[in-house]
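Take this structure, written in structure tokens, and hold onto it; I'll ask about it next.
First chain written, first letter: the chains are A, B, C and D, and each begins at residue 1.
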């Protein structure tokens, strides 16, 4: 109880909690869940964009996309490492993902259907992710906060690249290309808004997380920030956001926007989105087909060690 | 010996030998080898053309190609059936193909690299096959001769379709399309000439086969007929045969042509053509991956039979 | 391709494209089937579906001055309106040859659906559609017979074949709701007398499918809500790859004559 | 594309295309590798090969007024000059994910070959080529280290991994002779001082490969005669399918700006 009070005081003071520090079991559990879910999202998130690497329209765009998807894998690596500081293992977390026990961001259960999806994911999905993640750079758990600083820096870069690739098309592309961009915006807009999670009055874990400094803003606050930022970007780009109710509300100092289809959100979270089954199957395939490689690597390492011992 | 003499007399008289008739073991063995090799060629021959079904340039061409490859499978079926009348089984023949013990026409060890290959295979490869096969319609073994009548009728149709598809391109196509046709002719010409087999002085089995009426012309005779027929067709088409030595020889009443690279022929026959390994691997894959289907079909049939018996 | 399609066009394109894409998929078996007889049978069904697609594409295209190939080879992905079920690869990992169990399950499900649809289209107010349906119905009944026989044979074959078929049914089940969805295009088709709402096919489809599954000793999975919008041009990630093959040659040789 | 390529162009395109196609293949691992670290490593190598290809394509294209994308996206199959080895799918049945054993074997074989080639190209009479080689050589040495380590680890790992690696070596071996073939293009390159005859790379390649195979407890199969003409534009049936993906978007959106 004294430990708990000291912990709460440090949180209050804005100190970072480190791996070796005492922390309440529930704080630890919440963090493991959140960090591993975030790591899984990076890993599963490689799939929709990866789908376009072999078909990128130019070699430069191919290089950019390949590097971007690689960065997502890298984020997965640091985040798994951050979660491991809390006493879990990458294997354990991976198994939770593969069996469907652990969640990942539902946005990746939508398919990438055109090249423009890649740009729009950069602009909207990475944009929403950054909005969610920047506050985590000040998260109370040190290793997570530090990982997020690096992740956010790279995500911002990706977001700008995505936006820029759309801008090139909207400024100089053909009519068919511009239609492709608009179509992609139509499909990704609403799912992007859903990335901030359910409305505050239906988000049970939020309050505790806010108190512990794991979260810094509510879902609805972040969603509003995202809408406000994106409306102007859409104007510059020359695309229409597929919501006739978006308009500036002088009184609130924010943009109003239409009602989100939460039925769809819960359906996709519940496993029945267009790609849930395929994403999980792809991850399981990679894992199962890779089993012999991992086993062999361990066997070889053991042989090497035995030799060294003998030699010693 | 009396049987042997009667057999030889019937052959001499041009009678058909039927499945139930007595025949020398070597005659039977030669026929099984030839017919099953021919059947295997039809089956393996589905692969190079099948490679273009999903990419045919128009729906009409797709339908024609699909029907053609299907016909090849059908030829395989009749020919296996004809061979079975000689006391072998389709399973036995299939195993001989899959283990590499039985041969198939070496021409199918070349890849189909462009759409024009499909037309050129129709024109040259089917053309050469027909040249080889028409005499077999008068082969001394009845079931084989009758199968060949049907096969040849369909092959002629394919040959005309292939030629016609090239003619459309050479008469009305773009420069890039015409170049594609010429490139395909360049690649398939020499292998087509090799389809008639080694020169007569190096073809050990020919003499006996001629005497038994299994063969009706020598390799070199058929090759010459093919060259003579093809030179004019090439002219009409507007393509150049890739042999500067082709010219009309008034004295012989035939076209002279250049030396065939028999080293290449023996290399491909010996298993080291560009596609030998892949063709055999593809057939083995289809067989292995289909094992559970064949087993289940037999298990189901057995269950049905057991039920009928019980009911009776 | 710049073409805006009326509800009538869309209704017919949904059918045409489902047949076309299913044909494309099934043609992949040609040369790779478990038994030679199935090389022929799968090719034959692929040819029938291709023929049905060509007839409908020609009919739809006529109003736009477009031929079957312009529609098949020059539309972009979101302009295809087939049900997503038709576009899935035979094996989830894309291996060649595919999973014959999935082929059998899908061909059964879709042949039954096509049979019910063509039966209703015999009475279409569009005489050309009715004529296409008359020919297609005979073909579909054969496809259903052939595929249904395999479903029973493999469902009630060995333990392995049973497990494979059940996995295939489980894989395709979430894709089914799209085949019976209702929207403004269906409503327009019904009011024009062009054809039935697809929703109306659901009850007879389910009854006959349940009977087939029972004979095959297979279980229908729990129903799930629809998540697929192929009918509205929103596909799975597989269609784009399929189209890159289907359309490659026309696009690589612009202005070509074939 | 209508472009006729000089012997110098062809010599450089053979290298550029081999890097480009190998990059395209290895990029297929991104998101599907056996361990996350290999998702990153394979992507990284794919990026390096892509960079090498881009530098060479830009250099070759300059003489024809063509940029890297015109060369990569608008050439037809017979205008690609890569070695056939680079274009094979990772698994013979095309499944996703591919056969990691083949990936490791091929990447080792080609990284070693690239390393030897770039070493020689440091002395190219074409300063641009020499500059490209300087950067590429560092990358290739890393690729060789990384792939060779895996070759040893998997060759001398478990019985299963050993068998898989040996099968992969057996599968790639018949494709090797093309990497050391000699022809008029090589002769021209040598006489221009542009680069070595590929034949000259064979002895050092074989010596180092044999040493690696020995450490990996793997056996070199018997040599077979060359049957492949990728260097002359005569490919395997795989390249066409690969190009239908690589080039689809440029061809589907003519006049597009990316």
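Note that a residue touches a chain if its C-beta (ideal position, glycine included) is under 8 Å from a C-beta of that chain, and two chains touch if they have at least 3 such contacts.
Please read these numbers as outputs of a predicted model, since none were measured by experiment.
Chains that count as touching both chain A and chain B, per the definition above, are C, D.
Distance from chain C peaks, on a Cα-centroid basis, for D. Averaged Cα coordinates give chain C a centre that lies 40 Å from the centre of chain D.
With each centre defined as the average position of its C-alpha atoms, the distance from chain B to chain C rounds to 34 Å. Those residues of chain C in touch with two or more other chains are numbered 76, 93, 96-97, 244-245, 248, 254. For chain B, the set of residues touching two or more other chains reads 55, 176, 180, 285.
Under the stated contact rule, the graph of chain-to-chain touches falls outside the line, ring, star and complete shapes. By the definition given earlier, chain contacts exist for A-C, A-D, B-C, B-D, C-D. Per the touch definition, chain C reaches chain B in the complex via residues 20, 24, 27-28, 30-40, 43-44, 46-47, 50-51, 53-54, 57, 68-69, 72-73, 96-97, 100, 152-154, 156-158, 160-161, 164, 245-246, 248-250, 253-258.
Per the touch definition, chain C reaches chain A in the complex via residues 2, 76-78, 92-93, 171, 174, 224-225, 227-229, 234-237, 239-240, 244. Every residue of chain C that touches chain D in the complex is listed here, in rising order: 76, 91, 93-97, 241, 243-245, 247-248, 251-252, 254.
Interface residues of chain A, counted against chain C in their complex, comprise 48, 51, 55, 111-114, 175-176, 180, 183, 187, 267-268, 272-275, 277-278, 281, 285.
Chain contact summary for the complex, chain A toward chain D: residues 43, 46-47, 50, 53-63, 66-67, 69-70, 73-74, 76-77, 80, 115, 165, 168-169, 172-174, 176-177, 180, 282, 285-286, 289-297, 299-301, 303.
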